[in-house]
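Here subunit A shows up in two complexes: once beside subunit B, once beside subunit C.
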Partner chain A sequence: MSATVLHTEAGVSDEKQAAAKSAGRRFGALVVRLGAIAAFAAIMAYFVIFAPGFTSTFNLINVVEQSAILGVLAYGMTAVIIGGGSDVTEGGIDLSIAANMGLCAAVYATLLSMGYGDFLSVLAAIAVGMAVGALNALAVVGLGILPLLATLAVLNVAAGMELTLTQNTVVGASSPLLGVLVSGSFLGISALAWALIVFSAIMIVIVHGTSFGLRLYAVGGHPEAARAAGLSVPFYVSFTYVLSGFCAAVASILTVSRLSASTPGSGELLLSVLAAALLGTVFSRRFVPTMGGTLLSVLFIGLLANGFQLLNVSSYWVNGVQGALILLVVAITSFARGSEGSR
Partner chain B sequence: MSVSANDNNTKASLRGFLAKYSVLIAFAAIVIFFAVASPTFLTPANLFNVLVNNVVMLAIVALGLTIVISSGGIDLSVGVSVDMASMIFVMLLAAGYSGVVGVAGGLGAALIVGILNAILITRLNISPFLATLGVLFIGQSTQQLATSGGQPIYLTSGYAADQFNAIARTALFGMPTPVIVLIVLAVAVHLLLHRSVFGRYVQAMGAQPGVAWYSGIRVPRELSMVHVLCALLSGVTGILLSATVKSYVPLSGNAFLLDAIGATFIGTTLSRERKPSVIGTLLGVLLLAIVKNGLLLVGWNFYWQQVGIGVLVFLVLAASFGLRRAAH
Partner chain C sequence: MQTAKREIAVSMTGISKRFGPVRALEDANLEIARGSILGLVGQNGAGKSTIIKVLAGIIKPDSGSIVINGETASTLTPASVEKLGVHFIHQDRLLVPTATVGEAVFLGHEIGLGPFVSRRAMERKAADLLKRFFGMELPAGTLVKDLTTAQQKVVQITRALAQKASVLVLDEPTAALVKREVDSLFDVLRRLRDDGIAVVFISHYMQEIEKLCDRVTVMRNGTDVGTVDPRVTPIDEIISMMIARDVGEMFPKRAVELGAPVLEVSNLRLGGSFENIGFNVRAGEIVGLTGLLGSGAKEIVQCLFGLKTADGGQVRVEGRELSLSTPVKAVRDGIAMLPEDRRAHGVALGLSVRENISLASLRRYSRTGMVSRSSENQAVDGLIKELSIKTPHRDALVRELSGGNQQKVAIAKWLSCQSRVYVLDEPTVAVDVGAKVEIYNLLNRLAGEGAAILLLSSDLLELVGVCDRVLVVYRGRLAGSFSGPAMNSDALLAASSGARSNADGVAA
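Here is the complex of A and B:
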């Protein structure tokens, strides 16, 4: 914690003292940021030209649908990283988010299959998701456990509870709500795609359009200063973990609708969620996590997988290319940040 | 007045004591609980089984992570090192090479993973978390491409199987080879981390990276060594794993990652500054292994075991962090 604070302070005083230097660096950062975005654009252009049917409305909506689950989860992760600070070992992180989604999906599907209605089942899933989030908040804020460790322990609890509930089997589910999510559409856009659009809009407005969002950044960027300014740091940090649990619950309903069931193995999404949230920082001017950036990187990951599919490239390449891109983007970013970025 | 202050002091020091030894207390309590709950728990045969099947491989990966976490970093790609070593080792044996060549090839594959991590972290200035996350993704793809989507390679009979047996099943001084390997490696890593100049550099980098750099420690060089060592240790686990199960199952190494991180951090609760140590890590591994085994013996199924371990790790962390916070 103290290292992060010192680091930020040093960054701030640097900027004041060496304005010329910082202007140069800002220009460099701009070039790099545009470069990274240009690299993304180049990949997309390649797909547009060479992948048959890539730009068809049907395909693009399909990508948005496929990205909905990852997107909702990545928003939760982004909120936690914003509120907890982006230092990856000491800062905010929620490793339990994907397992939490699996647990919520299991609860939702099990309750539906037991004959409870949509209302109760959705309520229960959201309650479970937020309870897991509250447990993370208790561990991180109340007990002062490192987020990485606390959420790791909660990951095990959530994953284990999912397994006990479903006995590691597929629990089929159907309900009016799921029916609407699967086949409903409005203005030619399917319900699942709408879910991502509406959820994105809400998250972007809350985090980037309200004073609440601004305070959240303050808390994550410089907890000491935020405390001195009278903000309740524990409240904001707790809020992000509960929000992350809420996102997991929403994503669980989307995943049950997409697969018409809750299935084991949702924990595997964790790495993609992390990648999306961290990759998103390159879209922001100061290389901080933003909701818009996360949305772009989620769509990018979705388009990448989709483009590969259309080009008939084996899906085994997708992970590797995703990994290489993360490394490329982060290497460029740390180069752009110069001395500020290196530890 | 003075009496109450004194009283507060004893309370605080009691809390400090509890915080410091919470892992040991939990450990003792768990052993006693399972010893009472299950008659087979404390039998030599069962303890031996725990040691060979649940402790050795996890412990070797955790030793590697202990070095990395001491340096202030993290390695999410230990699973890739495990898998790559296992893959090359099995492929070489399947192609008819001897065990020595297989082991050398396996360790070589892990070495490459380590060097890749080192280059990304020290030359390209990528944070260890992101660098090793990227390598993890790339490693998963590589394995899927090399095994047409994750087909395991089984070797059940013939020359290669004999070579496997030579590694996994022979015994020295009445101990199976893997246990001997763990003991040798644990002593070596302990000496390296806590008794050598390199170890002091590693600890310095972990405590104060900036200061370490200013005091003339060649941070990139030492950090590269840290990541290479971690990958090599994980590679040893990969070889032991495939020799024990006589096969290579793609993407199986990832199962070690979270447990190893958990064990290392449980171990850090032993020291006041929360520094990782070899003894703490081994204790963390033992704790996880004993809980897994004990829950199995008292009749919990695999699924409940995971809940049990999660709850237990949570409680140990809560006790250690919470009590220490209260003591301040």
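Here is the complex of A and C:
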């Protein structure tokens, strides 16, 4: 058949072209990354100059403490996005994470108020959180429902159960553990801040230091390739949803300690969680979500809310800014991905 | 047949597999010997990929036995096959785009301590392997998505080598490579063979099989029809084993009376690519266009498609001058085009066969603005039958068809438009022999109905077999126009490499 196909001498120029293209892409990614970091720096600089008390130690520690809950949740969300892939429509996402936290908080506070001890109550909260995560995993992996829809449905299940449990009231709670979390401190750093530091360290080591983390990225980045490498894609994806449920449970204990109660309305945190997890991708050379990037974005979002507060700007603005950030990040990353999909 | 004693690495016997009513494999056998390169050839649908998927543990056979390295493998899974030392280099580059080279090479077999990975060790070891086997050096931490196609292929092979593969199966590994890269890939495969590795090489390119393989197993209709030595058995014979019909029939001859010029090109020029290009194609004529990469032949076709805008010159279809600025205008002006990258431009993989075929001509099936489904179905079924597109039914997704059948869908799309001019860019690349013949028949039929056809191809045998006349482009100019007995692959090759020009004068 094609016995005399013309062979080309074009190999060299092909390679050069590809090299130029990839260099261009790397340059574009660098510009986006540096641009994002410069924008963050500019906003921070503005607050430092114009927001009274922004740089005080007290204020900064306050921000870290406030960020603890958001941070723990954002790690769960980040894990789900890593394992499910960061495709905006079909990739991994856990919309139920904030509502799950609300449910866990209600379980924890209710059990405490009924007289069960810290140990049992914490265990129950974690069990509930992971069960909700498992429900997400079942819907996404077992039934093959788009994560966006599956977790939206589970969001409503969790929110409904929380309301049933609390009758939409505030359930007060106090316990030795909560006491330590509220007022304990070590080396001058409060317990809540420690919670964020320790949790961050664990997540960063697991996701960026272990082969498990590496495989998680492979599963999300190219499921076919992961399968060809002998990895069980369903296992890893399911794991991320259960981990996300676990994060929700841990965050619920922190939120109960901060408010000394379980209060309705925790679902409002969802937007911030999503913004933090997505925003984190701009800190990565590969444009993928990373735990370190998520931590930076969590602190950035915390500082943003704090700066607005100090400037006497209505906190409602923060929501708008977060929404705009999500749009911006998603637009930038889909743009970056679109230009590389053409090969 | 060689008489030397050969050690068998993999032996598959009596493998059968059905998918519903379709018999994909019927008592098929495959024997892979250590220290040799086995070619596996057959048309699309002959069962090559099915038997490979059985070996890979992706498809469970209905019956048959598989022995790998002396062990009878009862139930194979992708993981257990790898453990037995059988590795697959898939046609798709199955690598995580956002991983570094080191991560990609060792994914699933990471280097480190306990659960912790050492990225530095993985990068270093991957770099060592790349250097040792391929003499390739990449900057540390290079991401897979920044590599060229050939480099990604090399990384995939390195992946298998890193895991001490004893059997290496490569599915169409050269499809996206240029000649120099193919040569170095072959060197690597020969070295691996000499190290005692069993290599299976699946390819549509017969000259690669002839150059590389020690033995060739030919598959047809789900079974193996024979294993031969390609250095002894001529290629023609192997091809006729594949298609069970004489190769002479591959290029069906026809006698068509040529009509008036339909496509007239004069003085076409594009800075840096070509200049002073003039030719015409008459009704019923098939004109070939060829040239080395970079000669400008491809750019000429792209100008006709409206993908590139010429700097000057005229293009006329049936006397009307066209302004070819965008593909949309080219289509409206009656030029049907089949771009080279059918996946990107030719067909919509996610749509059904019916939708793809009627997409370009929906207006013909709609009177009141609504599509008349029954007349659409009728027309589509007619085309499916006429082109013998192998599809379960008209609503099957194009994604599920083989490459050759996807190409036929792309052609059917234009047939339903009833264009006067067809411009085809490498329509038979990566298409199996049987489908090629069907595409040639189709071109003949179109020409017979009075269409003017311009065929850009780098397959010289194809040009000689199919065209009435072949134009050769060399360094941006028409270097020759060949027809009749002067039109042979030697002359075409000489003209396109600038060694000789003009057989019967450039038709301007």
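Rule of thumb we're sticking to: the second predicted complex is superposed on the first by the 308 of 343 C-alpha atoms of A that agree within 3 Å, B and C clash if a C-alpha of one lies under 4 Å from a C-alpha of the other, contacts with A are read in each partner's own complex, and residues count from 1 in each chain.
The criterion applied here is as follows: a contact is a pair of C-beta atoms (placed from the backbone, for glycine too) under 8 Å apart; a residue touches a chain by one contact, two chains touch by 3 or more.
Source: prediction; values computed, not measured.
Undergrad: For A:L243, using the defined touch cut-off, is the partner it touches subunit B, subunit C, both, or neither? Pick first, second, both or neither.
TA: neither
Undergrad: On the A-aligned overlay, A:G209 touches which partner chain: subunit B = first, subunit C = second, or both, or neither?
TA: So A:G209 only meets subunit C here.
Undergrad: Which holds for A:A153: it touches subunit B only (first), subunit C only (second), both, or neither?
TA: Touch partner of A:A153: subunit B, not subunit C.
Undergrad: Give one of first, second, both or neither to describe whether A:A229 is in contact with subunit B, with subunit C, with both, or with none.
TA: second
Undergrad: Would you check which partner chain A:Q322 touches, where first means subunit B only, second means subunit C only, and both and neither mean what they say?
TA: first
Undergrad: Applying the touch criterion given at the start, work out whether A:A109 contacts subunit B, subunit C, both or neither, answering first, second, both or neither.
TA: In the superposition, A:A109 touches no partner, neither subunit B nor subunit C.
Undergrad: Under the stated touch criterion, which partner chain does A:A276 make contact with: subunit B (first), subunit C (second), both, or neither?
TA: Once the two structures are laid over each other on A, A:A276 reaches no partner at all.
Undergrad: If I apply the document's touch criterion, which positions on subunit A are contacted by subunit B in one structure and by subunit C in the other?
TA: Shared contact residues on subunit A (touching subunit B in one complex, subunit C in the other): 3, 342-343.
Undergrad: Please name which positions on subunit C make contact with subunit A in the complex.
TA: 78-79, 82, 88, 90, 92, 94-99, 103, 107-108, 110, 112, 115-117, 143, 145-150, 178-181, 204-207, 235, 239, 250, 290, 292-294, 344, 433, 436, 458-462, 489, 493, 496
Undergrad: What does subunit B use to touch subunit A in their complex?
TA: Its residues touching subunit A are 72-74, 120, 124-127, 129-131, 133-142, 144-145, 149, 208-210, 258, 261-262, 265, 301-311, 313-314, 317-318, 321-322, 325.
Undergrad: Under the definition above, what is the set of subunit A residues touching subunit B in their complex?
TA: 3, 88-89, 139, 142-146, 148-150, 152-161, 163-164, 167-168, 271, 274-275, 278, 314, 316-324, 326-327, 330-331, 334-335, 341-343
Undergrad: Which bits of subunit A are touching subunit C when the two form their complex?
TA: Going by the criterion above, the answer is residues 1-15, 18-19, 22, 25-26, 209-215, 217-218, 221-222, 224-231, 285-288, 340, 342-343.
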